[in-house]
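The same chain A turns up in both complexes below, where it pairs with chain B and then with chain C.
After this line comes the complex of A and B, so read on.
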């Protein structure tokens, strides 16, 4: 029996239809709104005015730059902690079970709560400075500071368990025989990690990096609570444009720019992993 | 001089004793098979020799050097796994070169050695392929090449042929044996397949429940096993209890056999199905319950005095007795009894 074109479309409908209705459609509506032809706000006919406003205003340009900064920095910070942690968790040690439960706690703590925790701990006059004061130590400014360290700490704190989970899974799926074979051929623990385990876990690592990056790009609560007064990330400007200025055209334009950044990262990711897979022969994702 | 000397090796996992008091000496260039059912501890022994598992007790000496406390990378032991364990992100050539790079050989030396070793296992034309682009048999050849490229003092093979289909297994088995003879490399082969162990090994170590049951050449173990376990694990056998009267052995159905070993009151005989003769006779004590045609052989099952025995005969003219035929049995002149088994 050959499947006719109609049957094929019918079979694809549940999956493709879902994507079109709940993912494609909102994106198209947002795009239209940003081009002045929207259904929300005023319909003024095709215009690139909102994008022009967005890119000509230095406040928004800084916003874009800042959004990228608070996506990249927490991602790198998380990776720096999560990768060694995932490696350590492959081994068995006393209390591992308890640790495995505890380290996942940040996964279920909402971002805004994480932001408040950082604020209570690290703000001037917070718990940390109270504890450190008698010892004669003082913390640098970590909340609403120039380098957004508080934002980075809070976002990284949220994403480290998530990253560790994915990278740990990737490491755990490497058969133990491979390490044993490499050891017998003369490789020590470090060589096994850098030459066997890391290349093989790379698809998992890049996936984790990507997901954390995209998650941080849209972060709203954490940068608005812990970030500096200026610059503000695009997500915060977007909220202000939509709800305080009622400028839906500008708000959706910002949304589209943020989606474009995420898509660009996604494309680079596919390029990179494709190249890597060619080079290391891992599985394609 | 003994090449490998293992003394009193012991390993427990929690309450389970995986290996207990395992001692073995392997001569230089010898091919020894560790044979036993799964879970008998043979793989644990191999992993302790390789250094992947730490023994609780015991010593391992290789060419006069204690190795049981050394890191695996310092033992200079080649390893081949059932799962091949090739590095999936490296080409065949890079897999084989891995151990040589770890030994800091020059690029020139490595290239020569890789080409040489791949030629040995007949894989030269696959040097640039990735492992996943190879068949199971080819992958195992590469794994073997990778292990012997470093010219190990000892080669450990952990069920290397178990993942291959029957035809390929035989082919690779013959190649493996030829290669081992040619290189003269001391080899310990872990397997649960008795025919593989017998075909490959100079000596077979039969293991059960973490301990050595019997050690011997394949021929000795097959023809004159000392224990019931060995007799039954290597091929098929009939275990027949016999009592001794006036210096002669008598079967439960009253058949008089040859002279009994001195001082024995009763013995257990192990008679291979191919050694048990069969003739139709109306006064026979046994009768045929099943006839199976196996191609090269015909197998009869005979019920006699509460025992169920097998007899196999081969050749075109092998007689076939229909089910129900009354039969008498005939035994070979040199009857073998299990000397390490208590009499039943």
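After this line comes the complex of A and C, so read on.
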């Protein structure tokens, strides 16, 4: 089968071209606008004014800090559930096939629905507090609370199946012989898990953690509905700057800062796990 | 039986975290407006289908349902048409820049939806596509296209090249190969990809909200309006929740069955 370069590029064009025009181009335009070089409409010449506005205002600085918080906390919370769950799901049990379908439901539940569920269950006077009251227990404030526990619950609930799916895939791809060999050489189950399975699944775990973190960075609906009045995440300020103040320079600067945070975390995490892999590799050598 | 306790534990956890919230949401949708549902009552005083019957009278809700279905169908068709040739090239043709192109295609899955939304919202604002249904379709396709390309190329990759070569060497034309070999082997993946695209469009909120709200009110945007407004009306929100969730979850289950393994799903959901 010989395929010319032209045919190849014609085949690639619809998918790649679409993403260049509707994804790549808007991001470049956003970057230019944030630097004062809006190619369509206002052009004030290169300036870092929008970034200066962003970082000099304590409201927005708090917003950045809060955005990072509501990305890190749900990621850790879902990792704490997803890792053991992925391990347990490697075993066989009755009804496994059905369970593997059902547990994925939150994957397709919109964030707003997750937020609504948290409201009816955990808000003051919600179902949980009504059930707990007769037994003399009460819940702490979980909706619009200082620690954003409701936001964390909703975001983690949505990410657990996704994380489990990816970590489970990584665990399942480890050859069973390896564990069997280690066991026959006298390693107990825990040693096998910590020294063989976990390090080998690390790339999958990294990928899962990254994607969940980045997914939560731009969360908008959940923190708007369940988060405290103040601080608000950068995503909410970004929306307000764009559509209520019509200040696209500031809004795009916020978008670029959020993307930069996501990219930075991506890089740091890659370096960390890379170093970790090397450390483990060195140990076994 | 082996693993019985594990099974009991896992299904109890599922009942608590998935079924119980749905039951509470269902109760909210069934609250009788005359009795209401106030603390400390654990279940509503009276139950009625009032809020469900009211759907038929609510023009704006009926419009939202129709709009959501039309947008999701259009997004699915557009994603499928754009994805097929590209997925074929990625799956079956070796070329040098493949890794870079694959990375670029996955990028929209990694960049948060709201940032993609602001970028495209800004562009559409300038060119007059903001607050329009075509604008929303184009914006949602940014998110579903990478997913579709991933699933289709994973499906096409799984078809052994030998089979195609064998058929060709026995005299089948490329068209016949496509019809009799590639299509029958690939259709489960195509169906699954289409259904998952439909679902992710149907439940999409952020890009739709930025590009289309308040003029283009899909079901999720409607839910936002009901929950984020001055007066929260829980029974109405519960009804809209089920209108969004029931088709979404059913189609998702069907797609799962068509796909047979998690590989393509994990791949589509963004394996780095």
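The rule is short, and it goes like this: the second predicted complex is superposed on the first by the 246 of 285 C-alpha atoms of A that agree within 3 Å, B and C clash if a C-alpha of one lies under 4 Å from a C-alpha of the other, contacts with A are read in each partner's own complex, and residues count from 1 in each chain.
Following the convention adopted for this analysis, a contact is a pair of C-beta atoms (placed from the backbone, for glycine too) under 8 Å apart; a residue touches a chain by one contact, two chains touch by 3 or more.
Here the structure is a predicted model, which means the values were calculated and not measured.
Look at chain A after the overlay: chain B and chain C fit there side by side. When both complexes are overlaid on chain A, the residue A:46 reaches neither chain B nor chain C.
Of the two partner chains placed by the overlay, only chain C lies in contact with A:262; chain B stays clear of it. After overlaying the two complexes on the shared chain, residue contacts for A:101 are found with chain C alone; chain B is out of touch. Applying the stated contact rule after C-alpha superposition, one finds that A:187 touches chain B and leaves chain C untouched. If you count the residues of chain A touched by chain B and by chain C, you find the higher number for C. When the two structures are aligned on the shared chain, A:230 is found in touch with neither chain B nor chain C. By the touch criterion stated above, A:177 is placed in contact with chain B alone, chain C being left untouched. Here's the short version: in the overlay, chain B gets within 12 Å of chain C at its closest Cα pair. Touching chain C in their complex are the following residues of chain A: 1, 3, 8, 10-16, 18-19, 22-27, 29-30, 33, 40-41, 88, 91-96, 99-113, 115-117, 119-121, 125, 127, 129-131, 133-134, 157, 162, 165-166, 168-169, 206-207, 210-211, 214-215, 217-221, 224-225, 235, 238-239, 242-243, 248, 251-252, 255, 258-259, 262. Per the touch definition, chain C reaches chain A in the complex via residues 1-4, 6-7, 10-11, 14, 17-18, 21, 24-25, 28, 38-42, 81-90, 93, 95, 101, 104-105, 107-116, 118-123, 126-127, 138-139, 141-142, 145-146, 149, 168, 199-200, 203-206, 209-210, 220, 223-224, 227-228, 232, 234, 237-238, 241, 244-245, 248-249, 252-253, 256, 262-263, 265-266, 269-272.
Taken in their complex, chain B has these residues touching chain A: 47, 50-52, 71-73, 75, 77-79, 81, 83, 85, 87-91, 98-99, 102-103, 130-132, 143, 146-147, 150.
Residues 175, 177-178, 180-188, 191, 196, 199-200, 280-282 of chain A are the ones touching chain B in the complex.
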